[in-house]
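You will see chain A twice below: alongside chain B first, and alongside chain C after that.
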Partner chain A sequence: MGKYLEMIRIRFLMMLAYRTNYYSGILIYSINIGAYYFLWSAIYGGKENIQGLSITQMTTYIAVGWMARAFYFNNIDREIAIEIKEGKVAVEMIRPYPYLNMKMMQGLGEGIFRLLFFSVPGMVIVSLVFPVDLSANAETWIYFFISIIFSFIINTQINLLAGIATFFLFNNDGLIRAKRVVIDLFSGLILPLSFYPMWAQNVMGYLPFQGISYIPSMIFTEGFKGSQVFEGLFNQAVWSVLLIIPVYVLWTLAKRQLVVQGG
Partner chain B sequence: MDYISIFFQYVGQYLKTRLTYRADMVVEIFSDLLFQAVNLVFILVVFGHTSLLAGWSKDEMIFIYGFFLVPFSIFASFFNIWDFTDRYIVKGEMDRILTRPVHSLFQIVLERMELESLFGVITGLVVMFYAGSNLGLEVSWYDPFIFILLVIGGALVYAGIFISLATIGFWSDSRTDIMPMMYNIGNYGRYPVDIYNKVIKYVLTWILPFAFVGVYPSSYFLRREEWYTYAFLTPVVGLVFFLIAVTLWNVGVTKYRGAGN
Partner chain C sequence: MQNIIDVQKLRKEFKSFSSRSGLKGAFRDLFTRNYTIKTAVDDISFTIKKGEMVGYIGENGAGKSTSIKMLTGILTPTDGKVVVNGMNPHKEREKFVKTIGVVFGQRSQLWWDIAVQESFRLLKKIYNVPDQQYEVHMKDVIETLDIGPLLDKPVRKLSLGQRMRCELAAALIHNPPLLFLDEPTIGLDVLVKLKIREFLKRINEKYGTTILLTTHDLSDIEALCERVVMLDEGKIIYDGPLKELRENWAEGKQIQFQFSEAAALEELQILTKEHLVVWEKGESDLIWVASVDSDETVISGVIGKVTAAKKIADLKILEISTEEIIRNIYVEGAVRHG
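What follows is the complex of A and B.
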């Protein structure tokens, strides 16, 4: 346990050293949220609500979706790919801790850093500029935080899968990009899933992606009520456990497959 | 003449390197398609809940997006200079470029091209024809020529903005995240500018003229006569921004001091 805390701490400090890069990041996210705000205002055009979400809830949904993304998003898929391509993974694998756990902890260190230095100030700025509705209900906040922890776990497991795929494909920039696009679309980051036609919603119900963005954002905007909150959290918990299986299987196969290209 | 033959030699080498990892190239083209599909899905889903967006119909929005893809794909294929500072200035690669008897910007265009992005031109055309036939748009014999002109204009707008930003690297090699931000702002140009407030509209027209890549030129083909002046300004704006960028580049190169090695 101690070594994992240390990994989180080191990554946190590494990020802290380059913190100036993040101020411009906040601006990028605010611009994104701004674009969607204007777009959605035009889409609502005077309508009171669409699919049970008011325009304020929609703005909040978009804002919190992007800010939560700063927490769960990481580049460990790309890092794993680079370490495999450069042959560094061979050295990493003889170290006295599981490689994948280490990657996950590094991702967590990054996530905590961004949550504190990016999402929190970003959310303050965004809520000053746009009509964002922050809930006063403490329970909502608690459920939201539980929910984004699951978001992190699910997203990281998917990243691990994409990263490990490098063992088989050797060069998988395309796959990593495709994965990112799929997550943007199916996780509900750019559109709440309830906006999709019914058949699409049914398909997405069987996929893990809604646990990444849709569920926490709906909890935060209070678009989910009563038992829906618990169903959402339960769905996330199930996927967090289920995804361990493919990660483990693929990793076991990958270790046998290992071809060090360079190093 | 030499420039043309050098261009094709680079293309030949490029194809060889890409074909080494065929599976990855297929996935990459596929992921480009997915990426373009996401934006279409967004438009389709949104219009499931409304019939007009600031006076623009679903097919018109799809048409604008299809048009946008064409100049954007050309830009994305040849002007991958978003990491110029890191790649050429910080690592000192610019030294190598400057020892060769071909214009430095041209060499960087050649070295960094990503031809598979050109696939987006086809996607864009398909999307435009689909939306256009739904709208019952008429095509005159001279429209293809105007189309080419407007596409070149749009691609030059993008190239001009990004080259100008890259030249900042000649004066300061500190890292900035300004490039990804520009890609995001570029997306504003895909939607009708009348949905934004006045300040953003002004910026998108005259300062970072991304509106000239999507909505303005498309309005010519959509026969939106109120925007015709802007539509025909597209090549002019493109040329002006590109010339400014090349001038900045030529001045910037003289300020370059090898930072690497």
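What follows is the complex of A and C.
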């Protein structure tokens, strides 16, 4: 356990060393949120609510979605791809720890850093400028935090899959880029899933992506009520466990190739 | 004494795939791919005892790194048996790797962006080293390698020599009984090399650390190892004391004459026709080298004849260098015994 905490700490320090890179990031996120706010204001026109969400809930949904993204988003897919290409993963085999767990911890260190230095100040700025409704309800906050931990787990497992795929694809930059677009679209970051046509909603119900952004954002805006909250969390928990299977299978195949062919 | 490393008929083959040409070829590649098999390590057997320092030498592509990777559990053998520290490196990976230290000269194992001491701290946690042991042991390592002033610098800001010393310290944080070094001195200047050699000698004496060292720099081996294992195209062509290698191969001596006036080959050959001598011209007409057997009568005979007939400015008797011996061995392809 100590080694995992240490790894999180180290990654946190690394991010801190490059923190100036993040100030511009806060600005970009704020501009993004602002653009969506004006877009939605125009769409709402005088309407009270659309698909059960008021304009304030909508703004909050967008703001929270982006700020949560700062926490669950990480670059470990690309890092793994680079480490595979450079032959570093082979050398990692001489360390007495499971490589993927260590990678996940690095992602977590990165996430915690951004949550503190990016999401929190970003959220303060955004809520001063736009009508964002931060819930006063402690329970909502607790469910939201549980939910973004699941977001992190699901998103990171998908990142692990994309990274490990480098072993089998000559060049998977394209795959990694496509994966990002798919996640931004299908997770509900840009548009709440309830706005998609019914058939698309049905399809997405069978995919893990809604657990990344839609569910925590709906919990935070209190768009989910009562049992919907628990259904959402349950859905996330199921995917967090289910995704272990493909990660495990792909990693086992990758390790076999690694030890037989030297990467 | 117990064997730390026991390798029997160890073999590693790599498949290298080639692509067929054209669209049709690419389509066929989807189902069956052409490949050739490259045998990087070819049925080698050897054992290493506790406390030995062994030099593992061979030209580029001889299979040194591939052997080390199998011994450290990074690669699985195609065939054969490997027992290191009483374990199969693959079967018990996490337990096994705690008992070894590894340095790859061409690959950094430290974290690039953070201070060296942060890497050390992380490794200390990873290897579960108790504070007490860490303090005592690492203080010594840091002093001997003289890396104290480097500890708060990020690895990317270190020179190669500085980085290499830190890598070595990092590989020893858990004070492993067995250390693998793959080309640890590659690209380093002489002073750093000397420091590293001194350090290795010291930990070998102090802790009885067994060391297996690959290099193509023979001066490392001469400074450190009594035993060498020599590899060529995946096969062991010599395994024994360095001293014996020298004796068997450097049977001869070289006598270098520097004459006051130019000499010619025929002239010298006629002068020494009673002895078995091979004459070679040195850098100029004035310098000639006679290769002879290490036999007193021959040596003094040749010197006597030549000095009696010609004026001499300088005279040297040279041992054949290990470098030259190794080159001879590779040229002849196998080791002469006895």
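To be clear about the criterion, the second predicted complex is superposed on the first by the 258 of 263 C-alpha atoms of A that agree within 3 Å, B and C clash if a C-alpha of one lies under 4 Å from a C-alpha of the other, contacts with A are read in each partner's own complex, and residues count from 1 in each chain.
FYI, a contact is a pair of C-beta atoms (placed from the backbone, for glycine too) under 8 Å apart; a residue touches a chain by one contact, two chains touch by 3 or more.
Note that the coordinates shown come from a computational prediction; the quantities given were computed from them, not determined experimentally.
Participant: Would chain B and chain C fit next to each other on chain A once aligned, or clash?
Facilitator: In the superposition, chain B and chain C stay clear of each other.
Participant: For A:Ile28, using the defined touch cut-off, is the partner it touches chain B, chain C, both, or neither? Pick first, second, both or neither.
Facilitator: Touch partner of A:Ile28: chain B, not chain C.
Participant: Check the residue A:Asp173 against both partner chains and state whether it touches chain B (first), chain C (second), both, or neither.
Facilitator: Only chain B is touched by A:Asp173; chain C is not.
Participant: Looking at A:Ser41 after the superposition, I want to know if it touches chain B, chain C, both of them or none. Which is it: first, second, both, neither?
Facilitator: Once the two structures are laid over each other on A, A:Ser41 reaches chain B alone.
Participant: Which partner does A:Val91 reach: the first (chain B), the second (chain C), both, or neither?
Facilitator: In the superposed model, A:Val91 contacts chain C only, not chain B.
Participant: Taking the superposition as given, does A:Pro197 touch the first partner, chain B, the second, chain C, both, or neither?
Facilitator: In the superposed model, A:Pro197 contacts chain B only, not chain C.
Participant: Pick one for A:Met7: touches chain B only (first), chain C only (second), both, or neither.
Facilitator: A:Met7: touches chain C, not chain B.
Participant: Which partner does A:Ser127 reach: the first (chain B), the second (chain C), both, or neither?
Facilitator: A:Ser127: touches no partner chain.
Participant: More residues of chain A are touched by which chain, chain B or chain C?
Facilitator: The partner with more contacted residues on chain A is B.
Participant: Students often get this wrong, so check: with C-alpha centres, what angle lies at chain A between chain B and chain C, to the nearest 10 degrees?
Facilitator: Here the answer is 90 degrees.
Participant: Between chain B and chain C, what is the tightest CA to CA spacing in Å in the combined model?
Facilitator: Nearest C-alpha atoms of the two chains are 10 Å apart.
Participant: Residue numbers of chain C touching chain A in their complex, please.
Facilitator: For chain C paired with chain A, touching residues are 14-15, 66, 69, 72-76, 90, 93-95, 97-98, 100, 102, 104, 107, 109, 111, 113-114, 118, 121-122, 125-128, 154.
Participant: State the interface residues of chain A toward chain B in the complex, per the touch definition above.
Facilitator: Within the complex, chain A touches chain B at residues 21, 24-25, 27-28, 31-32, 35, 38-39, 41-45, 47, 50-51, 169-175, 177-178, 181-182, 184-185, 190-191, 195-197.
Participant: Taking the touch rule as given, give the residues of chain B at its contact with chain A in the complex, in rising order.
Facilitator: Counting only chain B, the residues touching chain A are 21, 23-31, 34-35, 38, 41-42, 45-46, 48-50, 52-54, 175-178, 180-181, 184-185, 187-188, 191, 195-197, 200.
Participant: Any idea which chain A residues touch chain C in the complex?
Facilitator: Chain A residues touching chain C: 2-3, 5-7, 10, 13-14, 17-18, 87-88, 90-91, 93-97, 259-262.
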